[in-house]
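Labels for the chains are A, B, C, D and E, by order of writing; each one numbers its residues from 1.
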Amino acid sequence: MRVGVFICHCGSNIAGTIDVAKVAAEMRKVPGVAFATNYMYTCSEPGQDEIKEAIKREKLNRIVVAACSPRMHELTFRRTIEKAGLNRYFLEMANIREHISWIGLDKEANTNKAIESVKMAVAKAMNNKPLYSQSFKVNKRVLVIGGGVAGMQAALDCADGGLEVILVEKSPSVGGMMARLDKTFPTIDCSICILGPKMVDVAQHDKIKLYAYSEVDDIKGYVGNYQIKIKKKATYVDWVKCTGCGACMEKCPAKNSYDHFNFGVAPTRAINIPFPQAIPKKAKIDPNYCRQFVKGKCGVCAKICPTGAINYEMQDEIITEDVGAIIVASGYGLVDMDKFPEYGAGRYPDVITGIQYERLLNASGPTEGHILRPSDKTEPKTVVFVSCAGSRDKSCGIPYCSNFCCMYIAKQAILTKDHIPDSQSYVFYMDIRSPGKGYDEFTRRAQEDYGAKYVRGRVSRIYPKGKKMVVVGADTLLGTQVEVEADLVVLATAVTAAPGAPQLAEKLHISYDTFGFYVEGHPKLRPVETNTAGVYLAGCAQGPKDIPASVGQGSAAASKVQALFSKDMLESDPAVAKVNENTCVGCLKCIMTCPFGAVKEKELRGGRIVANVIETVCAGCGVCTATCPCGAIQLSHFTDNQLLAEVNTICQK
Amino acid sequence: MSEIAPKELRIVGFLCNWCSYGGADTAGVSRFRQPTDLRIIRVPCSGRVDPLFIVKALLNGADGVLVSGCHPRDCHYTDGNFYARRRLEMLKQLLPYLGIDEKRFHYTWISASEGQRWQKTVTDFTNQIHKLGPLHSTTEAHSGS
Amino acid sequence: MAEREYAYYSGCSLEGTAVEYDMSMKLVLEALDVNLKEPEDWSCCGSTPAHTVDHVLAAALAARNLSIIEKMGTDTVTVPCPSCLSAFKRAHLGMAGDASFKDQVNDLIDEPYNGGVISKSTLQIMYEDIGLEEVAKKVTHALPDLVVAPYYGCILTRPPEIAQFDDPENPVSMDKILEAVGVKVSSFVFKLECCGAAFGVPKRDMVNRLTAKVLSMALDSGANCIAVACPLCQQNLDLRQSQVNALMGTNYNIPILYFSQIVGLTYGLTPKELGIDKLIVSADDLIRSRITVEELAQNKAAAEAEEKARKAKQKEDKTKTEET
Amino acid sequence: MGPEKMKEIITDVLKDVDVVIGYKQGFDKLHATPCFINKAEQIEEIIWSPVCVQNLASFLPSLKAKKVGVVVKGCDSRTIVQYMQEGLIDRSKVVVVGIPCTGVVSVKKVLDKVNHQPIEDVVFEADGAILVKTPAGETKLSLADVSPDKCSTCLYPTPVVYDHLAAEPIKSVKAPEDVYKDVEEFEGKSLEERKVYWEKEFDRCIRCYACRNACPMCVCQDSCIAESRDPHWISQKSNLSEKFMFHMIHSIHLAGRCVECGECERVCPMGIPVNALKKKLNHDMKALYNYEPGVNPEDKPPMYTFSVEEKKIEEHKL
Amino acid sequence: MADTGFIPKEKWGAFIEGLSTKAQVYVPCLEGDTVLFRPFGKEKTLCFERPANSPPKSVIFPQSDTLFSFTFIKDPDNPQKTEVELKEHLDFPKTIVIGSRPCDAKGFTVYDRPYTETDTPDPYYKGRREKTTIVTMTCNSPSAGCFCTAVGGSPADKEGSDALITEVEKGYFIEALTEKGKEILQGPGVEDGKAYQGDATKKQEAVHSMVKNPFGPKGLGKVSPELFDNDEFWDNAVSKCVSCGACTYLCPTCYCFNITDEQTSDKGERIRTWDGCMYVHFTLEASGHNPRPTKFQRFKNRVGHKFSFYPEKYNGVIACCGCGRCIRYCPMSVDISEIVSNLQGA
């Protein structure tokens, strides 16, 4: 065994708190190590060349790189040693940056810890075996979860590139949050006017199969070969027959149904088409309000429907689709007003959320674009906007910035002035965050051209006084308390993960953070990938972001899928379980515990039963190895002996 | 084995690649200071951790063992940590029966984003082990009975 | 009903400026079959300036009382004054959550406090332990003229992690109790707004302005009196009305009653024994209209009959006119 | 209970199977030994008395290819149920001859009572008394005094699974809560005491693997990781940590599978209480998952399954 | 110097304690209900009443023996080169075994032939053997399963011992058999033994007659070659065997071993450990092939070695001392004497 050890300085990131030369010198004393050196940037091209040359010069057959996290550069160095003719699994990494140099200042302790960590890696490397991939076919269809602007962009880009797309949207229409907006910042162009054509494209594209009012029920498989179960929720309207004429909606007697599309700004009918531009433009019954369901009799819509599309007996339906990759664009949610008891916790009708105000501004909204306050349907003359309602507020459990509220408040202040010229807007803010192109100019316009009064301070309380809402806050620039008697208060409620985001993540086997946003493969370098091969992210599911960023991410995710699908065959990760048929006793406990059904029974000549791993199905978790009492099924690259070598290196009495 | 600073005790950590190893990376990227006692062994999944690794470590010189995986329901391999939870709980309850303080073994769930939680876990567990002091592993009896 | 038993810690205010709170509270709880045991040799709760100087010392003051109560063998103490309550709870929770803090505190007192006492306000035991149904059962009288603005003050429900009672920003317990005894309650949005009592000495101007706001909002809400559950709130709102009037040129004359006094009135207790005569702004005019529940029912019936007769007559007149 | 009825049943069973496993007398009257019967004339050798201690069900997995009849006591019958749970036998190829049992003897205990003298004769009297004859004379013992500990808390005197029953079923009179009293008692000792205890016990181990090979649930047998180099879990050194490790391997592999037949402990030539660790694990499995090995064929051993919400597992705080 | 001695009962403890100041003394100790040879200590409960569960063979032939330790030494300036430093472990202390049984002592003579009476003696075995004095004790009574007299032994056999102690009414009669044995007579409290010689002889003869002979009046005869090579015979004979190795590890005459290297990082040891022909790994070859894959083949080897191969090589000496441990402690009560009996044919 001839191990080569390369200790990276990572500039001063590692060398600053670890004596790298000492580590290298210590490694040269380790039996089996034929070469050890330290280098400024091992991942750089000359750094990698040095490894390649050393492999040839010193006839090395196992390589240990002590540098950053293997989650960062394992692949890089595997390719490096492969180019030098070694099997890529002859590489081991010791993480002396994230796990050592960055977390401790004591150079002596760090150096000692690094020496031991590298020794562990050497011990493991000496037990590394060559592993070889298998090829398997890719199913070149892609699933896009979420039909908001990010999901639609991703779907269209994939479809335009010739891929078959399955688009699943949980609400009755695509469009997402953007379809609810009136105008967009900083151009003040009409949101639905720019989104509508995309929605139509999605509907009409022959490569896109749209499942609206549907959810992903179950996901099985692995990159290249996923089996998806989609639940089509019952709409009680046969969408094949429904023409979207809207007659049912007009006649429906259940007039007080909650309008999800309009966030409850005004009631809707129990059978409804969510908005005029809806795609698909089909009606749907809300059984929580429909008299047929609630009282057991009505049937008005069934009588009125010219095509006989109404079906009160409709059930949820499960559909199976096979795909090779998944783009998750499941969007975001908004924090509940209940979180703000000091602002009335939703008890005051004239304290509303930004998205509700958006619907009041919108010409196709319930007030047809007239700003009328909910309590008495009068025009508000004084409107107060409260930014950071929940955002950047640890006591709400939301320490992060919601990214786009500053901008839409400015937009709404401008639109308020447009709609009601004699109105006055106040904006209570913490900081104005307007880093995009043309954004800061836009917030200035709101103040300078449209006279919105910006007060830097937080609002402590909102209470009603007569017909007014009194907003009490601080002006931290003046150092005084401020009270504004407003007609309408708009809260820029914080962006949260979409409801059910963690459950979807669990189905996808991707990580999510404390707040429910999905975790990208690397915050800078893999922003649309996840740690699960074949699953990509787009839009606010990954974190709050505005429309251009969401569209950009949608396209980025689509291009990742295109790249993945550019090959007909994928290579399997050979770090999967293998059975030693000589020692396997055929107790088959591994079959009982394998989460993927990757282990099957096999009869040898002579009738002996042993376990057998289907390599492409095995995901490499190693549950079987920890189950097997006789150590006959071993997870390659993480075998008992490899892990024991590490344990024995550090635990010696 | 090189000389260990006498103030350090021997703590072995088994971390799943997808969540907890990433969590430890996140803590590193965020420069969250941690005690230096822990030595990390990367495993694909907490379900890979045979309880015998922990026993082996404790019998052979480790003063504490820490296992961390993805949060339940969030396993990269769907069910790996569910099996891990049963196995590790079994061991957690068995150790004191053998006279090994169960505080020397801790298992927990930390996601890739929970750098701060990782820092706290490492710090608290290291402190806990220091409070217990070195584990005088089974003394060598005369061989050959 | 099974008799309930609590330790009862009155605290300094209820021995002095708020003696009417003590009188009325004891009578009301007696009417509700609650047995109160006063700890012997109780001392300051620690809510005094101690807590701004030394947390351990402040906690020790509270813990000394809690320790006495613990030795009495009662597991719950009920405290009318929110300030005392807050001090008790802060000490209790602080000691429960931090062993070294607990040791420091216990070092300062004779008998250690082991964390075995739950502190609850009298409002809380009426609302949660006894329950609205029981509270309503004892009512014998009605107060038809009263419209009450319930005022909770700053610390009865806050901070929520200490108070652990009711909705911290929109409490309803006092509203519900008053409604249960048949009193009209106004929709009062300044339930929690600061009355300024803490700055009663150093910043009198500010206090007057804050007090004025509370009084004005109470009137705006349609109330003619304010119910309180805190000796400091009562003192501040009641005592200071004339100062406010002098400063702001207003003419406030709003009686500030303890909620226990109002409940006592509905239970048929006399204004004298409830200490209503001890209020600065007199409530006599307001409560003069007190009648028994039966009388109220009779009056109501009579009024209804009269109304019916009036309507009948109107109808008759109308028909007559038409006929004419 | 009578060997006569058993012999009748076995005569019948033998017509359908390749072999019947029963007991015959061993090298003295205190020892029974398994006998593999495939000819009718062997049936006369069969005995049944409290010296029939071995768990004959242990032989079943190695005879998977054959159709086998087997004589089992109540305790041994749990082995068969556990085999069924784990798919280690084909139940249709096993004919179970059950014997309700009121307790067996512990050879060690009897020998202790007669000062380890050679045994000349052992007679089980109708009233339950046991007469043991040695060169030093005759000793009268009661079964309760010389039964192994497992009998004193036996909940299954009648086999939990059988095709034929050689005597009338017996109801257990033992309290289920007593089964793990010894475990709970031991848990009352200090950590240090427990550690010293096990170190002393395991120090006697000679790694002969009798406990492992006699264990019905040790499926690995020749593939046991205690002797393998790949994986190389332990060396062949006979020091305490390696012995300790071997017993941990044995115990942990039996977590939630041990049917408490007590064979491991009975066969240990060094008198190590090997079963105690497995009982402790069973105690925990019962508390955590309400699981008892070898009772219900439909159950799944707890280490091979999970619940998404583990009701009894609380997250551990630091 | 007299060749016999006597120790009164009350001085027995002091005698052993006295010896323990001069050498490492192994005595049978009671642990739970198990009797084991342990280094003498005041806190130990001594038990001479019955044979120990395992013979004292590990005193001279330890279960695991470090033959040598090795360390790899590397010069960091020339990492390609590795030097190995070896350290032999050949220092053995003076040792006395008290209370072994004649069968146990005879066992050592079985080892002596291959390990010392050869051109290439085993230094580890030989070293310990020479440093060890075996003080045997006559059996008071036979134990279940023992049959020493049937294989040429006796409860008072002197073969392999340095001294023989026989318990008599008032104490212990000692007979020194070798020079090493004579040293024992120098122990504290040893009186003149002549007066007790008669009592001792009587005792020895009495016990001799109590030992059973499993081979019948004709005694142990020749093994029938037909039966020995009949697979069916073996299959039937050992179907109940569970293939553990208790019989070999408890046997005073089994001397097989295995050698392994145990290494971590830069240090390691070469160790010799007991092995036994009953284990499947014993004959497992690197290729995966195993010439004795089934338990009956392994059992056949054990019987063959003791009753056929060894005697053939060493002038008919049977490598079985009849201690009966393999029968007593067999999990399934497999009886080697019964099998040997049956092997002699009709």
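Keep in mind that, in the parts below, a residue touches a chain if its C-beta (ideal position, glycine included) is under 8 Å from a C-beta of that chain, and two chains touch if they have at least 3 such contacts.
Model, not experiment: these values are computed from the prediction.
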item: Any chain in contact with subunit C as well as subunit E; value: A
item: Minimal step count in the chain contact network, subunit B to subunit C; value: 2
item: Pair sharing more residue contacts (C-beta pairs) when A-C is set against D-E; value: D-E
item: Chain whose Cα mean lies nearest the overall Cα mean; value: B
item: Subunit A and subunit E, separation of their C-alpha mean positions in angstrom; value: 71
item: CA centroid of subunit A to CA centroid of subunit D, Å; value: 54
item: Subunit A and subunit B, separation of their C-alpha mean positions in angstrom; value: 30
item: Where subunit D touches two or more other chains, by residue; value: 204, 206, 221, 233, 237-239, 241, 303
item: Touching two or more other chains - residue numbers and ranges from subunit A; value: 26, 119, 593, 627, 640, 644, 648-649, 652-653
item: Contacts with two or more other chains, residues of subunit C listed in rising order; value: none
item: Subunit D partner contacts - residues on subunit B that touch it in the complex; value: 51-52, 55-56, 59-60, 72-73, 79, 82-83, 85-87, 89-94, 96-101, 106-109, 121, 124-125, 128, 137-141, 143-145
item: For the subunit D and subunit E complex, residues of the former touching the latter; value: 26-28, 30-36, 54, 58-59, 108, 111-112, 115-119, 135-136, 200, 204, 206-210, 212-214, 221-222, 227, 229, 235-239, 263, 266-267, 269-271
item: For the subunit E and subunit D complex, residues of the former touching the latter; value: 31-34, 36, 49-50, 53-54, 62-64, 141-146, 210, 212, 236, 239-240, 242-246, 248-250, 258, 260, 262, 271, 273-274, 279-281, 325, 327, 329, 331-335, 337-338
item: In the complex with subunit C, residue positions of subunit A that touch it; value: 341-342, 345, 347, 461, 463-466
item: Subunit C residues within the subunit A interface of the complex; value: 167-170, 189-190, 193, 217, 220
